[in-house]
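Take this structure first; my questions come after.
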Amino acid sequence: MKPHRLTFAFQLGVTLLACAFLMVPAGASILAGFTVNYFRGVSSGLTLKWIGEVLALYSDTILLSIAIALGTLGVTLLIGVPAAWALARRPSRLTRLVEEVVTLPVAIPGLALALALILAYGGIREFRMSPLFILTGHVLYTLPFMLRAVMAVLAAVDVRTLEEGAASLGASPLQRFFHVVVPNARGGILAGALMVVTLSIGEFNLTWMLHTPLTKTLPVGLADSYASMRLEIASAYTLVFFVMIVPLLVALQLFGRTVEGTAK
Amino acid sequence: MHSADRLARMFLLPLFLFVAAFFLLPMVRLVGVAGSGPNGMAEYLAILTNPRHFATLVATLLLSAAVTAATLAIGTVVALFLARNRFFGRPLLVSLLTLPLAFPGVVVGFMVILLAGRQGLLAGLSMGLGLGRWVFAYSMAGLFAGYVYFSLPRVLVTLMAAVEKLDPALEEAARSLGAGRTQVLRDVTLPGIAPALMASGAIAFATAMGAFGTAFTLATRIDVLAMTIYTEFTLNANFATAAALSIALGLITWVVLALARNLAGSGVAAAG
Amino acid sequence: MNRGAAITISGCGKTFADGTRALSPLDLDVRAGETLVLLGPSGCGKTTLLRLIAGLEAPDAGGHIRFDGADVTTLPIEKRNVGMVFQSYALFPNMSVIDNVAYGLRVRGMAQAARRAQAAGVLEMMRIDALAQRRIDQLSGGQRQRVALARALAVEPRVILLDEPLTALDAALREHLRGEIDALLKRLAITAIYVTHDQAEALALGDRIVVMRNGAIAQVGTPRDVYFRPADDFVADFVGVTNRLTGSVADGRFETASGFVPLPPDLTSPAAAPAGQGAARLLFRPEAARLASPADATLVFEVVQVEFQGARQKVTLKDPAGTRILVEAPADGTLAPGTAVGLILDPARISLA
Amino acid sequence: MNRGAAITISGCGKTFADGTRALSPLDLDVRAGETLVLLGPSGCGKTTLLRLIAGLEAPDAGGHIRFDGADVTTLPIEKRNVGMVFQSYALFPNMSVIDNVAYGLRVRGMAQAARRAQAAGVLEMMRIDALAQRRIDQLSGGQRQRVALARALAVEPRVILLDEPLTALDAALREHLRGEIDALLKRLAITAIYVTHDQAEALALGDRIVVMRNGAIAQVGTPRDVYFRPADDFVADFVGVTNRLTGSVADGRFETASGFVPLPPDLTSPAAAPAGQGAARLLFRPEAARLASPADATLVFEVVQVEFQGARQKVTLKDPAGTRILVEAPADGTLAPGTAVGLILDPARISLA
Amino acid sequence: ADAICYNCPPEWADWGSMLKAIKADTGIDVPQDNKNSGQSLTQILAEKASPVADVAYLGVTFGIKAKDAGVTQPYEPKGFAEIPAGLKDKDGNWFTIHSGTLGLFVNKDALGGTPVPACWADLLKPEYKGLVGYLDPTSAFVGYVGAVAVNGAMGGSLDDFKPGIEYFKKLQANQPIVPKQTSYARVVSGEIPILFDYDFNAYRARYSDMGHFEFVIPCEGSVVVPYVMTLVKGAPHPEAAKKVLDYVLSDKGQTMWAKAYLRPARDIKLPPEVASRFLPAADYARAKPVDYAKMEAAQKAFSEAYLNAVK
């Protein structure tokens, strides 16, 4: 229906305001990352100095974040994809319960989860000090997203019948999983993977508690820089973060749309 | 398909082991620790009996409710607009609006400081207009802005999908029966997206309840539960209280999500 | 109930924003109280025409739509007082059956008690009063169909518009409800425009049928007109099965690969025949043919396939040139593929082209 | 290709985990090479029976399934060598047409070149070789149907199982493909089990038909058996339309509200009639009746509704007692609702119950 | 890494340069760590069973707490003897490495014309509305130090916090910003124009960041606060840890602290260009040490009182 003029204007206004609310601070932060002195404004000149300082100070956090994100992705793929298939195949009260339990970490505040992990495993020094500790937390937190993305696609493309089709042609369960399930869940797996990587790179709530001086990730560094660094360095650091995460988010958006498309 | 059942069990095993080892067991420890403080099991009641903690709980609930309401209101208007109009630049607008989807809380906090801090854009704007300096980043209002910032993209994604899935014939049917615009909105459109409103509202609420990064970055005298837990744990080394409060917070959040899911059907946590 | 409005459509074309020309400008008169069926293949513009009449789309400049002579071209749907039944039914899932049916009265400001009473009356007329309190998702497809119809009728519209209202149902139910809708529309004598791509539905329901093709009208006429006097090959093929034999006309006979057909005098008269002599095509419907023993017939075919249908059997035949035709035979005789069979055509029901 | 296996089902019931009793224990023999159609209303257990035969479900304890005498009850589907065609086709969207068709050969370990060649042969047989490289989503419904069939046939199965393979298609295409499948199955002489709820499909395709009801077998027989000698009222109504008149038999006549019907001797003989004298029901199919002028007939009805169908018209009649019957009439005569009409029944095609 | 230090943040007390120097001179690699004192102690407590940290850098009261909790072990590095009594545990469980003086860290540019305050009392004036910040005294050590300083200046004592709490109650009228974490950057950026903070932060801003910064030791007086280090009990790398502790107390280490504007714990000779950057000794005369053990003991009660009174 053609919207009414006033309604249209109101809706447009709200939309643009919302967009400004979301985008203007991000823009300001990007600008600040390039500005010689943000307090004095852009007139003080533009520089790449802050970016350089960030890279010098924090490149290890950036690398560690990438490594942890990839590791998290690997583990969620290995555990999540087969499990998603197993859970989606025969929905029952038991699988509902398993799903509920597995998705619980999303509902429980990260702080509490991290606390629990530290209390349970903080005593094992090698584990506590290695990035694996953070990786464990990230897997716990992102696994539900992988599971759900894959299960949603499995339900949407009716993989069950495809599997029966393959079975009738003589394929064994493992062959069916690799020939039929995985390729046809590709969309969900990819969407889940992008989500997992994005979430892992940005994860702070858990990581703040879990990290040790040796295992600082990008968001932990960001929080440090917000508290103790010049605004320009904090902004430059945020900029680096944007550069890492925005392509992932854009891919997620593009991809989410095609996945939705196939699900229809 | 017995052989497939066997494979399914094999595939579920790693998940079970992981969840048991790194979720269930630690949570059991957490529950144990919460009860092992000087107050014993009474620690669980601290959130209700300690007036400061209780006040914090109430403040957190109110803030979360306000964030949810505001986000849903804005989100509904924007989602209806974007789903119903096709115009040049719309895809870009949609992208921009959903881009901050995975900004972590700390970054969102920083955005709020840039927006509403003393040196923020709003302060500059209001000073320029001669209205004095608008600074609200470090109050509840700042946290409110941060959580809205955080939740809006999620809510939008869910609501836009819901509006697009809404059968246009429903609205046309209402109009063919003589309903005007507001009547169509009230009787057909809003009820039609009610499950999505429930689902995304629950997510917004849960995030506002538990989010820590934003509060941590703004890090001022904002008393919300996440901050209290953090303070109790890291500054007072008060493990029992921190654990008890964590459990309480987790329970409340989970109950809200579970309720919303029951009311709205599945898919509530999907926007996570 | 009121008798329904006459609708005059003049010069209405429709080009969508993306440039799709869904309708070429066309004129159409719908008589007050009649049931007009829009029939045509997918994408021919049936829904678009219906939406123009409903007021859900505006015609291209120059088009006008009049209800009982009053121009409604710029009137939005909510002011046109039309009832609509959608393919998907579009029942409001957040309301009970009776609330759905009473909704049109509610937005007209009728008091709760009065509108409930009136809605209950419509439900009773549709014999679904027992379902009044049900939620929509507790209804079967056929029940939903009836509720959708009841909802559209409850506001006593001047016109009722139905867009493939039976497509979502299975064959048996479709046939049953088709009869019900037919009876209802005839009884109410309301103006009805009914969109379908199913020729059986169109033939059964329509007072008149508009056959559409590529955004234009191919033929307007009664079901018998359309079936027995199709305006062109397209209509002939779209409405029923048409067999065609190629051959030549000479000496009052049609000669073809499988034999000959004696032609009735009206077909060979110079006035009637497109080509009184020479190459021609003979057209006939399956029911114009009768199987016989090869010895008794002037046309001999080979049986290709026989499909038992209970009441009769459908027989596919081919002539020596390979042309296939479809005829019907009573179910009692058994026919084996590969055997030869004679064919006798009813001279009154053949035509030449 | 091999001739197909004979299947013996004995004592196979199926109770689902949730307690639903989908099948009561039943016995059924499928002959090698025949096309057996499972026909019945929705939920009667057709799919369940098919899945038991396929090996996708296990029968309740005590049930046994044998292929050519060998017990396959505990063999999983991948070891049974059955071809399946699903209602939704279940084609692998991640593979091209030829890869779909060759998949069964691939999991059997056949080399790439060999399996491609064999798959190409099957595609050719189905006349879809031009589509070999297409992606599944680039195919129309009818093409998908053919690919699904080709894929199931490529592994040269002992049995081919089809679960409503045409339901997803529109009416015209369904009728066309029905003929194609019929020809193919007859030519390959493979054992085929075909599930449908469409009686026309069942009558056209089946060598034998199993009519099912509530998880049990109501009748097994050839299409003609089932149509002309239905085992009970349920079968009679489910397969075709059956008219019933109530009345009484006396002196070789059936007396009813609308007049009388002279009965042929075989129906009045004490051996044949369930009640040689006294209250009885007269059963006949629409095609057993012919309309005539009231003066020429011994039965007189009132016309209720006339549905023009092109080739003929479907006429609903009622007798003074209100009993409705359905008959067919040629399309040429016009009948007005409310007028009286005579009815003549073919004595060879009536029965008493 | 060869040794782990909790709370060795690069942007605080120039630990960044110190860690580099340790690496260069002893070959021991110590990663930076951004916890604050409270967080560090908590972590050490949580990890008591199998410690991660070797050494920790803590505000003095946390050093005392750590010892009481039994998570430290005695070690007396070279130069331990030169640290004045009162600034070290007698067994060497903790010892001061440097100290700072609490005062007002002012960003003159951000004051927008308002004069630089001279006294605690000035901050209560309406013209300072929105300009003042202090760290949350219940959660940050610096915050507590600020409270002790104000309380003393207002006439209170470690036994009587009423005057201090009264002051904070009044200060609320000026809507102070109360962060929980160190906020050096926010003063530098102008976000917080006046912050209760240490002298070394203010000097660092003044001499190495762009803008106009000042440090004020308020006229009513203030306190000096030692920062201590401790060897964690069960440290995984005790040998390397001891070398680190030796280094920070060595002449070279102590000079480096001074270059970062911190008062070294040992009485070493300051390079003149460093000495000249501090406020005159007359100002420093207003800043006094307190009984740190007592300060530690009073903290909990203060926190409760503060939380209940100041809203």
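To keep things simple, chains are lettered A, B, C, D and E as they appear, and every chain counts its residues starting from 1.
Everything that follows uses one rule, which is that a residue touches a chain if its C-beta (ideal position, glycine included) is under 8 Å from a C-beta of that chain, and two chains touch if they have at least 3 such contacts.
If you want to know which protein each chain is, UniProt gives these names: A = ABC transporter permease subunit; B = ABC transporter permease; C, D = ABC transporter ATP-binding protein.
None of the values given here were measured: they were computed from a predicted structure.
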Topological distance between chain A and chain C, in contact steps: 2
Remaining touching clusters (ignoring chain C, no chains moved): one piece
Identity of the chain that, by mean CA position, is farthest from chain C: E
Pair joined by more contacting C-beta pairs (A-E or B-E): A-E
Where chain A and chain B are represented by their mean Cα positions, the distance between them in whole Å: 16
Cα-centroid distance, chain C relative to chain D, in whole angstrom: 27
Approximate Å spacing (C-alpha centroids) for the pair chain C, chain E: 89
Residue numbers of chain D (touch at least two other chains): 56, 76-77
Of all residues in chain B, the ones touching two or more other chains: 1, 3, 113, 119, 172, 175, 216, 219, 233, 239
Shared interface positions of chain A, touching two or more other chains: 38-39, 119, 167, 172, 226-227, 231, 234
Complex interface listing, chain A residues touching chain E: 37-39, 57, 118-119, 122-125, 128-129, 212-214, 216, 220, 224-231, 233-234
Parts of chain C lying in touch with chain B, wherever the complex brings them together: 54, 56, 76-79, 81-84, 86-88, 90-95, 103-104, 107-108, 151-152, 155
Of all residues in chain B, those that touch chain A in their complex: 1, 3-4, 6-9, 11-12, 14-16, 18-19, 22-27, 29-30, 33, 74, 77-78, 80-82, 84-85, 93, 95-107, 109-115, 119, 121, 148-149, 152-153, 157, 161, 171-172, 175, 181, 206, 209-213, 216-217, 219, 226, 229-230, 233, 239, 242-243, 246-247, 249-250, 253-254, 257, 269-270, 272
Contact set on chain E toward chain A in their complex: 1, 4-6, 8-12, 31-34, 46-47, 49-52, 109-110, 179, 181-185, 188-191, 209-211, 236
Residues of chain A defined as touching chain B within the complex: 1, 3-4, 7-8, 10-12, 14-15, 18-19, 21-26, 28-29, 32, 38-39, 78-80, 82-83, 85-87, 89-90, 98, 101-113, 115-117, 119-121, 136, 139-140, 143-145, 148, 152, 163, 167, 172-174, 176-177, 195, 198-199, 202-205, 208-209, 219, 222-223, 226-227, 231, 234, 238, 241, 245-246, 248-250, 252-253, 256, 260
